[in-house]
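Worksheet for the structure shown next.
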């Protein structure tokens, strides 16, 4: 996501108060995770024993939806609301972890689940690093 | 969203453990809020004094994205993960409240902001009622 | 989608050159179709013989994605590009028809497929009526 | 999007009848274009003379929505419908071109518009190459 990094660098507001490296890493992980989860849901759907992969498909779809929405919100630098961003990033880390755990259960059998689990874990970690910078732990 | 209610009623899993009326209300509010926020962002963009509405547009876009993703996740009844659902609904309530507060600031001048603020408030409340049913307050 | 109708009625640009009744009908059908397709994909995923429903799930997901995107584009009245809108509405009608045909094959067995097929057909027809108003048949 | 390439390579169906290199290129261009258009809409919204950028913001949002939906549809290899894919890719190329033309008008003044125009053009070309492989020119 080199082009997106260049976009954020040339944004008129700049990223005041946000750790730009953590943001770039998180956005790249987020787009990658959304793509692999969309693909893993579809690959699972084509597997011979699809009935064993219902939960995996469901979580893949959820994770792709949350990553897509969070990626959009994080891309916007105009008048940010740090508190809300932190909460959404926290929830994204949660669904990435839950989806990774499910994919890991099938990683031995299905190479696509193994790859998808890895991208979910990368995204979970990138979220956690970004959330620290956003002071996500503010009281609710 | 009568058709969606009929879909959920005929789902093979049923909605074990979820308050179906709260779910239907929340999904209807969620779709309505996503639509009005998408429209309010665009209406604001066409206003003569668009430079006064930057924050409103930004929050409308965020709220539409989060409502769309949460609506998808809530629609799925296959192997649900109650804890995650509760957290996501909680975050959706937060962005609906933040967006409503901004739209309310322009409600006197722009009828579209007034209508949008009302749908955001309805969605916030529908989220809160659903979250109670999902035991969203589980420790994290 | 009464609130969305109110939003479009109060939009500063108005809907110059677009048949507002056709647009409102199409947007309502579009949101309904997106919701029922998302639900039908999930209901199929929970069916005992999910392996018979792979194509149905895949098309439901496609149809939901295209309806969501087209609904967003159609909601925007700021500086519209009629030619592009017509083409996108035409493609949405196509995926609604393809998805309806697949759901109809399972309508006898699965009530959710019957309901979903009906909303896809309604959306296909609403698209066709709107496309006529948009002069979608312009040469490409 | 190396991880997505790995996913498609390990998909149980394979990509029968699709030019995998053209597909990978198109998916990478599609994700990049969706990200830069989302960012360009937001950067334009923060510009001092936002009232000159209404059409650019509107088209950026449209282009991001269409790229996101088309990217999802193209990622799915389960029981593909070549005719529909070709039509959707054709429409995506159209919106990428329209958005690129608008961004190019502001490229001298706004670096983000220059970068975004380039990613839109790359995506338009990747779509055209993929569409050739999908025999998009089938009669409608």
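To keep things simple, chains are lettered A, B, C and D as they appear, and every chain counts its residues starting from 1.
Definition applied: contacts are C-beta pairs under 8 Å (C-beta built on N, C-alpha and C of every residue); 3 or more make two chains touch, one makes a residue touch a chain.
From a predicted model like this one, the values you see are computed outputs, not experimental measurements.
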{"item": "Between the pairs A-D and A-B, the one where more C-beta pairs touch", "value": "A-D"}
{"item": "Centre distance in Å when chain A and chain C are each reduced to the mean of their C-alpha atoms", "value": "28"}
{"item": "Centre-to-centre distance between chain B and chain A (centres being mean Cα positions), rounded to whole Å", "value": "21"}
{"item": "Sites on chain D at which at least two other chains make contact", "value": "42, 45-46, 48, 54, 57-58, 61, 68, 72, 76, 78"}
{"item": "Chain contact graph, described as a line, ring, star, complete graph or other shape", "value": "complete"}
{"item": "Interface residues, chain A side, partner chain D - complex", "value": "1, 3-4, 6-8, 10-13, 27, 31-32, 35-36, 38-40, 42-43, 45-48, 68, 71-72, 75-78, 110-112, 115-116, 118-119"}
{"item": "Complex contacts: residues of chain C adjacent to chain A", "value": "41-42, 45-46, 48, 50-51, 54, 57-58, 61"}
{"item": "Of all residues in chain D, those that touch chain C in their complex", "value": "54-55, 57-59, 61-62, 65-66, 68-70, 72-73, 76, 78-79, 81, 84, 87-88, 90-91, 94-95, 98"}
